[in-house]
Amino acid sequence: MSDKNLSSKMFDWVDSRFKISALVDYMGTKVVPEHSHSTFYYLGGISLFLFIVQVISGILLLMYYRPGADSAFESVQFIVSTVSFGWLVRAVHSWSANLMVFFVFLHMFTVYFTKAYRKPRELTWLSGMGLFGLSLLFGFSGYLLPWNELAFFATRVGTGMAGAVPVIGNDLLIIMRGGEEVTGATIGRFFGLHVAILPGLFTVLLSAHLIMVQRQGMSEPIDWVNKSDAEKKYMKFFPNFILRDVLVWLIVLNVIAVLATFFPDGIGVIHWPLGEKADSFAPPPAVIRPEWYFMFAFQALKMLPAHILFLEGEYFGIIFFSIGGLIWALVPFLDKKSAVDQKSKLFTAFGYFVLAFIIFMTLYGYMVE
Amino acid sequence: MSGEKSRRGFLEAALSGSALLAMVAVFYPIYKYITPPKLAEAKLSQLKLSFSRADIESEPKKAKYFKYGRSMGIIFLTETNELMALSATCTHLDCTVQHRPDLGIIWCSCHNGRYGMDGSNISGPPPRPLEPYQVKEVGETIFVSKGDS
Amino acid sequence: MYKKSFIYLMICMFSAVLVTAAEDNCMTCHADFEDDDGPSHMISKDVHIQKGLGCVDCHGGDASLDDMDDVRNSKGYKGVPSYREVPKFCASCHSDAAYMHEHNPAMPTDQFEKYKTSFHGKQLLKKGDTNVANCISCHSVHQINTAKLPHSSTHPLNITKTCGKCHSDSNLMGKYGLEATPVADYKESVHGQALFERGDLSAPTCNDCHGNHGAAPPGVTSLIAVCGTCHAVESELFNSSPHKEAYEENDFPMCMTCHSNHKILKPEDKWVGTEEPALCIECHSVDDGTKGIETAAGISVALKSLVKAHAEAQVVLDEAIEKGMATTDAEFSMKELQQSLIQTRTKLHSFNLDSVLPLAEQGMKQAAKVKETSAGLIEEFYFRRKGLGVTSLIFTILVIGLYLVIRKVEKK
């Protein structure tokens, strides 16, 4: 019993200075709706947990990683072959990165289809879109850092696509690459982006996202407006939901450990073997492919004809994706029906179209290889 | 009542015990990871040799071998006292080449393959030249590196 | 500008056609009455035509005449040389240093002189024996070309076929008391395998040991020099070994004594030793008054244990590679070990135990290192699996415990 006294004493000490009991009381009143799609509520939490894993494993990698054309590859090789558990840290970072992108996708689509973006959560959706974009940038910039053949050519192709952006394309390409070509200068930029700029932005956006979620609570299913209070079931956020969250996180962590041990270099199309050091004079490998989450865009751009109407094919593709992305991001404002708790069939159909497009293009991309 | 109490006690103990062990399972690898390995930093593509020009000079064949990643290199002193380094693996059948100051060539003894000091294949079976390494001397220390850097 | 030069080019080409047509009438008739394998149809692949020479440059006569009989009677007409006269026919240009200098300054002009020293040359020129080879037997008649071209009869890959035309003919060879087996034997040899199976054009074929134009079997003592052109270390070691003198005294054919001549098989470690099928015991016995048997036994033991250690190291290393471990260091040590093994096998040509043993010992140490490093990696592999097992167990207990807690909390 004595330690209980101790912990309550500590609480009192903090409370007398920061007045946190109001916060604790607020947490105690928070509830989470229970219904057939309640599992969706865990997806954001899993993404958050994976981000934490990324931060910790990323900081660990930073202890030995050295950016630069003549040290990046060597230092990663050193981590994998010489440092104790270095293989594990790299494998965890890579697996967790892929899983994070995957769960962010899932989180985004479930929110979209349950129309949880509707009033009053427009800004939560927007901040989520920002986090989604940053996650993809994290993946893209991190891929180059080992400076191996695979990454080198994928980055050359990826930045080349940025070069096709109308008007600013060429400047964008030069800024991204730090010159005309992908060189040691590019590593410096990508490294800075990956370990400083993106984490900073991500943390700010993530905090905003979480505060909004905590302030507004979980979105209730759209058809609950017609239900009586008796029909609605809730679960206490603290401790019930939090405990379940932790349970899921533990399982995810164990899954990562299993994947990292059995497939330290990834498996199938999710594959990151260190291989040979990047060499701009070496012939490109037979298959240059981006990470799986860029595959749909890569494939779609590849399939475009050289000219569409009066535009160059690539211009068209990039405009197409920009407009698509903009509609997606602004959906809470465009979907007027959702604001009055009505399901818009049009926007549901649009969601299915986007999902089908991404899945089809991804599968097609791997099939045509 | 006491049965339920002891069951609760057991659950709590098991939970906190396994939580503690789980922490160990997470932090043990992290602790091992941050403990610097014997060789405390990555060898760069620019390799610092463990011997000096004088060591090469004192060799009867005026040459020494070095390990560069997975491959072996040879560094030797030319007649004009220049240090040069080449890949030491013959391009014919993977034998290790040697410096022949008496003949002024790099020589593979397996099938009498001959290379020039620049690695060019002069005569015998070798189908390709030996790949050169860049050599840089800073005071007593010698650095070798590959590629254009 | 562009247009002008194009017209100029057309005029040049057209007039060139006219000029040749006016001066060289040989083809006009020969192409008509000759079969597809006749000279006029085959000659386009010939180096002489490619370099701009015409029929009359070898066969003489006046190509501008359009009647065949007139050509035969024209000045300088040589026609078709007899088999015996072919060497002289070719030599009229190929031994003329001044003439050759104008067409191919890098080409030697001593082929005919060398040919005279060869067995072929002696038989043909002195005895009039037309069974032996002359220039056209090897170089073809109207498809003569440099050995660098893959379709040339003298390209390394075609040499065995070219020489085999006669040397695999047992009837013909029987007349000279020769075997017809060299080509078949060669194809089984380590050199033949390297040439044909691996496509290593630097592997020696017939002419690399027997010479080109002065073709002859190397003499007993010159064998070391012939083999030594590539196997320099082995021949050097042999030259300073006690065997050199002993072989000379007994007229043993040096390298050939153990390695045979055409069927030079890939050497095996069991050739050294004191038991069948070791070659040492063909001459040496325990009481022959030499250190032969003692040395053979010593080298054999050292070599066998090194080979065994090498094989064992390879197995452990392969397992580590297969398990996906970082084997860069172990693979490097393996390379060093392979070098030591090669060097030990080479060094035994000194037939001196004291110079073989240090190399073998160095190899043994490297093998131990490969084994140790690889075994460590394999151990690490299982350590990872076990670690994961333990971790997963802990996490499972924790998850179950947490689940029970949740159930209890929600019961309330």
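As written, the chains take the letters A, B and C, and residue 1 is the first residue of each chain.
Going forward, contacts are C-beta pairs under 8 Å (C-beta built on N, C-alpha and C of every residue); 3 or more make two chains touch, one makes a residue touch a chain.
Note that this is a predicted model, so its numbers are computed, not measured.
Compared with chain A, the chain whose C-alpha mean position is the greatest distance off is C. Across B-C and A-C, it is B-C that has more C-beta pairs touching. At the centre of the protein atoms shown, by the Cα-centroid criterion, sits B. As a whole-number value, the distance joining the C-alpha centres of chain B and chain C reads 34 Å.
For this pair, chain A with chain C, the centres built from the Cα atoms lie 59 Å apart. In chain A, 77, 88, 250, 253 are the positions where the chain touches two or more neighbouring chains simultaneously.
Residue positions 328, 391, 395, 398, 402, 405 of chain C each touch two or more of the other chains.
Residues of chain B in contact with at least two other chains: 22. Per the touch definition, chain A reaches chain C in the complex via residues 77, 80-81, 87-88, 239-240, 243-244, 246-247, 250-251, 253-254, 257-258, 261, 264-265.
The touching residues of chain C, when paired with chain B in their complex, are 200, 202-203, 228-233, 328, 331-332, 335-336, 338-339, 342, 346, 390-391, 394-395, 397-398, 401-402, 404-405, 408. Interface of chain C with chain A (complex): residues 324, 326, 328-329, 384-385, 387-388, 391-392, 395-396, 398-399, 402-403, 405-406, 409-410. Here chain B touches chain C in the complex through residues 11, 14-15, 18-19, 21-22, 25, 67, 69-72, 89, 92, 94-96, 109-112, 124-127, going by the rule given at the top.
Every residue of chain B that touches chain A in the complex is listed here, in rising order: 22, 26, 29-30, 32-35, 37, 39, 41-46, 145, 147-149.
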